[in-house]
Structures are given as C-alpha cells and as structure tokens.
Amino acid sequence: MSLTTRSVQAGIASVHRMLEAGGHETLTELDGKIGDGDLGITLLKAFRKLDEVAPDLPQDLGQALAACAQAIASVSSSSFGTLLTTAVLSAAKELKGQQSVPWERLPALLQGAGAAMAKRGRGNLGDKTVLDPIDAAASAALGLSDAPDILAVMRHATQQTIDRFRDRPNRLGRARIFGDRTIGLDDPGMVAFKLMLDGVSG
Amino acid sequence: MSLTTRSVQAGIASVHRMLEAGGHETLTELDGKIGDGDLGITLLKAFRKLDEVAPDLPQDLGQALAACAQAIASVSSSSFGTLLTTAVLSAAKELKGQQSVPWERLPALLQGAGAAMAKRGRGNLGDKTVLDPIDAAASAALGLSDAPDILAVMRHATQQTIDRFRDRPNRLGRARIFGDRTIGLDDPGMVAFKLMLDGVSG
Amino acid sequence: MKKILNDPFAYADETLEGMTLAFPRHYAFAAESRRVIVRPSGAIRGKVGIVTGGGSGHLPVFAGYVGAGLLDACAVGDVFASPSADEMAIAMRAANGGRGVLRLYGNYGGDVMNFDLAGEIVEMDNIESTTVLLADDVASAPRAEREKRRGVAGMVYAFKIAGASAARGDDLAAVTRLAQKTADSVLSMAVALSPCTVPQAGKPTFEIGEIEMEIGMGIHGEPGVTRGPLAPADSIADSLLDPILAEQGPGKGSRVSILLNSLGATPAEELFILYRRLASRLAEAGVTIVRPLVGRYATSMEMSGVSLSVLRLDDELEPLLAAPADCAFWTVA
Amino acid sequence: MKKILNDPFAYADETLEGMTLAFPRHYAFAAESRRVIVRPSGAIRGKVGIVTGGGSGHLPVFAGYVGAGLLDACAVGDVFASPSADEMAIAMRAANGGRGVLRLYGNYGGDVMNFDLAGEIVEMDNIESTTVLLADDVASAPRAEREKRRGVAGMVYAFKIAGASAARGDDLAAVTRLAQKTADSVLSMAVALSPCTVPQAGKPTFEIGEIEMEIGMGIHGEPGVTRGPLAPADSIADSLLDPILAEQGPGKGSRVSILLNSLGATPAEELFILYRRLASRLAEAGVTIVRPLVGRYATSMEMSGVSLSVLRLDDELEPLLAAPADCAFWTVA
C-alpha cells in the first residue's frame, strides 16, 4: 500500500464528512473563546471546496496537492487556512512528478510542512499552536511504514501535546492577546489538527 | 390697589416658589410625553433668573417688564421661553412710562400679549396651545377690576379650556407631529399657564 | 448607549471649545458669545453673509458648516434646543459684510421664533436680512401642509448652494432666491433604528424593539410614519426613495444629487449597501446621479439610522454644487 | 445593535459595490477581482505603487484610502478577516507602475501570512516589493515586544506620508523608509464603550456593562488593559494620552500630529470634548499640535469608543503630511 491521489481523495472525503457531521462546531466554539470564532467555518469552506475539486485531481501527486492548495487558498484566508495552504504546497513541492510514494514518507512530509508553516507564520515550537502537535506527531511516527500504525501514533502524540499545553498560555496569533485567560483552554488549531487526523483515520 | 413693580416682584416670587416646590416636574413629565421634556426646566431657569433680577427692577413698569423680558430671553430659548419673552415685551411696550396701572387693565394686557405670541409663533386659536387659555382667560375677565376676582375668573376659564381641548389633537409646535396620540393629553403650555396663575394667586 | 462627557450641562460648550481648538483656521468664537461660531477671518466685506443656527448634537450641522463657500456664522443651542434670539442676533452681526444677511435654517418652532425675534433686533442696526427655511422632511407633514415640515439633512445642500452663490458675489436677493430654490428642490426621508441620549436628559430619546425600525422618524426622535420589523437593506432603500420620487417625480433624463446620510452610529459600510440599491433604482428611472454625498453630514449624536435627501438639479444649481468649499468636515476642491 | 444589510455573507461585497457606484472617480474594481479596489485611472507609470489590505468593517480603512496622494490598490477581506493571498497578489500587480510596490498594512497574523505569500507569488512576475507593518497599538504588547503589537488607526498617517512620498516621485527605497519612519513614530491607544456585530456572526464581538468601558481594547474586540466604570471625558483623554507620552516622550518644543478617531458610533461632539483636554495637556507639555485629525478615520462599524494616535513629526514628515491628497473620505487640498 502506498500514498496516491486516491488516498488524498479518500482523506478529503473522510475529513469533510467529519466536519459536516458537527466537527466544525467544536472548532467554532473553541475559537470563539480565544479568537474570532471562524475556525470551524474556515475548515468547512476549505473541505467543501476540496470535495468539489477532488474527483478531478490528476494522478501526479505534486500536481494534485498543488491543486488542493489552490482550492484552499481560494476560499479561505484566515490564519489556519493560509497555514494549511502553506503545508499542502510544501508537500506538493516534495512530491512533484510522483504518482505513488510509500507511507513511510508521511512523517517526513509532515515535518517539512510544519517547517514551512513555522516560517510562514513566524512561529516557534512552544507557542501553543498547531505547530506543536504537528512536530510531535511527525517525530513520533518517523520510521514507521504502515499507514494505520502511523496514524495511531500520530493521534496519540497529538493528544499528548494538547494535554501538555492545556495549562500554558497561547503565545502566538489572535489568542496571544488573551494571555493568561487561555490557560486551561485547548488551542483551537491543535484541536483542528487532531480532528483531521481522527477524520482520516476513519 | 393697582398693578406696580411691587406686584410684579410678588408675582415672580410666588411662581418661582411654586416651580421649585415641584411644579416644574409636572411640566417636564407632560412635555416628555409629546415634546422634548424641557418645559419644566425652561420655566425653572426663567424664574430663577427673574428672581435674581427682581430686587433691582425699576419703578417704571415698562422698564421693569422689559428687564424681565431680557432676563427670560437670556436663559431660555425653547418655544415657551421665547413666547413668554414676547408676551412680557408686549406688556412692557404698553406700560412704558407708567408706575402704576389699575388692575382692570390686566385682561386687555393679557389679550395683547396673546396676540403678540400668536404673531411670533405663527399660531392660531384652536391649535391647542397656550394661546387658547390666554385668550379665554383674558376675555372672561374683561371688565373686572378687582385683582382676586380677575385671577379667580382667569383660573376658571383656563381650567375649562384645558378640559375642552383635552380630547382634541395638538396642531402646532413639537406636539403637532404626534398627531392623534396627543388626544387625551393636556397641552403642556396650557398647563404651564394654569400653574403660573395658580402660583400668582397664592 | 454610553456617552463620553464631563458635565452633561457643558456638553454643547465643551464641544464648541474643542472645535475651535482643533480647527482654529476654520472656527472661532464670536467676540460677544461662546455660543456663536464665526469664520476666524471675520465678516467678508462686500459679501452677503449667511447665518444658521440650531441645537447641538447634529455635527457637522450646524456650526461645522461655517467655512469658505459655505456659511459665515452660526448660533448654537444646547443639545436639540434652539439658541437664543440674542445669540442669533450676534451671529447676524458677525456675518454682516455690508451686503445683507441670509438666515438659512431648519423649520423648527423654537428656532423660527427666535430667529424672527433676532431679525427684529438687528433691523435696529440697519442690517438688511432675509429668511429661507428648510422644510425637506416629507415624513413630517403631507404635501398640502408643506410649510409645517421639519428641516433635516437637505439643508446641507442649501448651505452649499447659497454659500457658493454668496462667495461668487451675488447680492442678497439672488442668494436668497437660490437658497429658496434649493429648499424647494430637495426632499428627505429617514429611518431610525435606535435612539440617542440627550446628555441633560440622561435617557434615550425614544424606545424601540431589538428588531424594529421606524420609517419617517425625526432627528430628535419625533414619531414617524410606520414602525415595523427591521427590513433588508434593499427594502429600506425603497422605503426612503419611494415617497420622495412620488412627490418629486424627477423624470427620465433629469439630474439629481443625493445625500445618503448616517444619523450617527450606522457605519459607512451600510450606507454603501443602501447606495447600491438607490443607484440601480434611479438608473432604472433614467435619472442621473451627480456628486452624491455618502457619509455623516447631519447627525443625531449616536443615533442609528439613515436619511436620504434628493436634490433636483438644473443648470443654475449644478455649478454651485460643484463650486469649491471648505470646512473642517467637508472639502470640495 | 442593529444593522442595515441584505445577506450577511454579502456584506463586504455589497459595501464595495456601493463604493464603486457612488464614487467612480475614486474607486474601481480590479479587472480580476471584485475584492480588490484600485484607482480608476490604473497604475501610474513611473510611480512607486502602495498597496494595503485587510478585513472589511473599518471604513475608511482600508479601501477608502485608495486615492491621489494615498494608496494605489487594496485587497479586501470579509468583515474583520484577512483577504486571500490571491487577492493581495492581484492588488500588487494592479499597483505596479514599474518602480516597485510597497505593502503597507496592519500587523495581524492572517494578513501578514497572506501578504508574505502574495509577495512570493508576485516575485515570479518580477515585481520588486517591500513591506512595512503598522504596529502602533501600545495596549497590545509591551514595548519590549513591539513587533507583536497590532496595527490600528495610526496606519492612516503611514498611508498619507508614504502616499505623498510616492506621489512626488520618490523611489521604492525612499517610500519604504518614510513609511517605516512613520510606523516607528506613531503610537495609538483606544477605549471601547460598546461592541459591534460582525454580520456573519450575528452577535456582538464582546459584552460590556451599561456603565463600563475598556481601555486598550482592540478594534475587533480583543481584550484590553483595564476594564472599569465609564469615566469622565477628561479622565478618558488622560488614559489615552498617558501611556503614549510615557513611551514616546515628545519633549518641550516638539511637534506632533494627533488623530482622535471615533470607532464608529461615538459622535463628533464627544471627540471635541476629549480634544479640549488633549490640547490643554499637550500645550502644558510644550508640545505643538500640527494638522490634527478629528473624526472617523478607522472604525469598527457601529462600535462605540475612540482611539488616539500621536505622530511625532520632523522636517521630513511634516511637509508630507501637508501634501495634497484626495479620496472620497478625506481631502487635503
């Protein structure tokens, strides 16, 4: 089994289903507490658009992911949307010209995406953003080759990261300004990443 | 007994006392329903100022009343204040050079004042304004020569006018715009005239 | 609604003080009264003077429109209250450059009485004066009783056109005629969504439900024509435009200017949303919009709502509308 | 607070449509996007282009400042939301007159990321570009973390000064340096009294008691420094001025411009009441106020509150502030 445009299409469908089934409301509520409350809608719009373009994605993984990045950019411009565009673009560049890659490359791809996002958002690990679980998940899954294993390890690392950061204050993005009031609250972007992993996993 | 500057001073003192004792609140409330609610304050400011200038009024009734008119004008510019200025000015012109006039001239003076007010405010009898009780009171008292009689007849005619107009709509000033919603309500300016008569009477 | 103030009774005074401090090139107090705003340069010799007056709480109306190509002096009352006849007389004297003075103001009882009284006072000084009353609010009386209508935002057009006429050297009769022509050519209609608070009263001028609006309500909260549920913007635009068109009927090929005015809190964004609809309605009717004004030109402090004024133009009025003008709130360059 | 709109999701689009219809001499859509406002004349050959971008709901910020002596193009997002990188790239191309483009906008996470992305996109088109971020809100981070501060009303000064620099023919490096100098010379502080409603959200951005105010609150309702009972105007003026003076310390004899800005609902009257106090405080400190701006220059729809921005001037900045400029919301003649 390897990662192909079909896997991308399947992943889009699952996450989209999860969001429509109510996942977006969780995010809206979280972002409403320490942000502008648009994170659920941002993701919903992104995945609705992805679902639209999914059937026509080319076999070339690079081209497919570039099309996905453009789809996300066209409907969303809030921070998470732009970071997601950045992440997908970074993977698109890596996979240019390939129609199929082994699953074991996934953790490294995610690591690269995280680095691109950090650069784009001028963020650092430890700021309590989506960057933290991405880094943790990618590191934990390095070396694994089986898709279900990879996902399981990533989900576990992500949940651990969310738990670990809960009692720290946000230090980046809109939430930063809420300072100590963010202590005790989960970062919406981290939870969004977790929900996407859950969605892909089934 | 005749009308002198002393009578003017006494009248000012009584009306001022009546207003300070709460009379102005009645007017504020009435004007609040079908106007801008300033009538009580307008009168209070006018009579506070009159009370200030009263001790220094000259013996010449014309000059005394002209000073009163100017005092009112200097503190108040709402309709009733301007009409009151106009009324007092009209009497001042009539009484120029006289230190004492018989009480029986009062009804005619009031009639003249009413005419000046009608001209100033472009109003007509029947519009449900202060003009109506002024006209009724002056007409009813024509020919009487005793101050208490004159006041008693004027108060009666004023109350009758208020009662007679209660169920008609206001047709002039700020209240006009409230149209049929003024039916059933007493015109604030009429009531102000009534309160002033009551005040003067004791 | 909350207000930023020190002493509610000093609201008007402190407003004027701030205006003169912020814009000393535009506004000065008359020597005789801190309730009269004049041009810092003083009366202009050989120019017809134009004065206005009215209550505070409507900025830029009234005092804000003192300026080049606009007004010469303004008497200012307390919030929503007439200035005194004394102050109006001071304003008239300050505006007098020897060619007479036009009194140009809105049709409100107290203002009219006091300006009449002021006119009598300055006649003794041998100042020739005329009066033009703005009575543009269609909601405030039927056409048959036009002379009873209130003056609202349409007065801004009269200030501009009379101001331009005086600035180019017209005599008192001509300035007066053009001001009257403008007054006769402009109609306005407003909708209110929420009230404002008169500082001295301390409570809102009216009450209205969370999802209600009142069409035709006056700028001091005087009752309007209909109260109903808050309608979509396009339907509000129609409610403002329809009664004006019905009465004024600018035909195909005619030219108008329109003033779409926020009463205070309503943001520019929402004015533009309304403007779309007005533009398309007038285009449909074959009417050309010239020099539209969209913004806050005549307000009621923090009241939420809008007014629409439509001015019918002709070859005489249009160039005067386009002439240069300059006050701290509005520059036509 | 009630809003006048049709479809909450079309609020930004209909606003822009109305703007272009009302002021076609000032504003046009870019050919490629109805979320990008450009000058109707197109890019000016041989002039450095200046673009900005940001969310809707702040008029005249951002799109309103497209105009002569000001900006060349603006990408517009939904209410309080960043425009997309695509739209920003379109704005940059539209502003490009061959001498490079300055991106001049407020320091908000989404805007920064998208503008960076847009910069990478247009680099492929060989358009040279630079960035200056406004981060003038002293309440949003301590001095030590200046780069994290939000950009608020102070950006109006940067638009004006960079715009004048570009208009007189300065090259990209010079325009960028002057924009950065302005950004480094302006500090702002705000107080909020009541919230606004984002149309798509349908509820107020924050809650606040009937007699409360919040000092230092952000223009989207981000929490401020202190919340307390509504204070008298003079004390509010001090709360706005003190932290700015403390950090900026304009000495005796220095010259500043100040922008006293209504966030929307707060009326001009109350700005002038505050202005009195500011003028007397600065006079006391021996500081001269030059060309003050008092009005609605950067709003949050119908939010009630004010912001104060203080710009330190020198011989280089002052003439640029005085240079002519013209947009539908602001004319410097």
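We just call them A, B, C and D in the order they show up, numbering each chain from 1.
Here is the rule we use: contacts are C-beta pairs under 8 Å (C-beta built on N, C-alpha and C of every residue); 3 or more make two chains touch, one makes a residue touch a chain.
Everything numeric here is computed off the predicted structure, so don't read it as measured data.
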Discussion item. Could you work out how far the Cα centre of chain A sits from that of chain D, in whole Å?
Written reply: 33
Discussion item. Measuring centre to centre with CA averages, how many angstrom lie between chain A and chain C?
Written reply: 56
Discussion item. I'd like to verify one number: the distance from the centre of chain A to the centre of chain B, where each centre is the average of its C-alpha atoms, in whole angstrom.
Written reply: 80
Worksheet item: Hey, what residues on chain B touch two or more of the other chains?
Response: none
Worksheet item: Do you know which chain D residues sit against two or more other chains?
Response: none
Worksheet item: How is the touch graph of the chains shaped: line, ring, star, complete or other?
Response: line
Worksheet entry | Touch relationships between chains, expressed as pairs | A-D, B-C, C-D
Worksheet item: Which of the residues in chain D end up touching chain C in this complex?
Response: 1-6, 11, 14-19, 21-23, 56-57, 59-60, 64, 193-194, 196, 210-211, 213, 230, 232-234, 236, 260, 264-276, 279, 292, 294-296, 299, 301-302, 304, 306, 326, 328-329, 331, 333
Fill in: Complex contacts: residues of chain B adjacent to chain C
36-38, 41, 73-74, 76-79, 82-83, 85-86, 120-122, 172-174, 176-179, 181
Worksheet item: Mind pulling up the chain C residues that touch chain B in the complex?
Response: 77, 80-87, 109-110, 112-114, 116-117, 140, 148, 150, 198, 200-201, 218, 220, 222-223
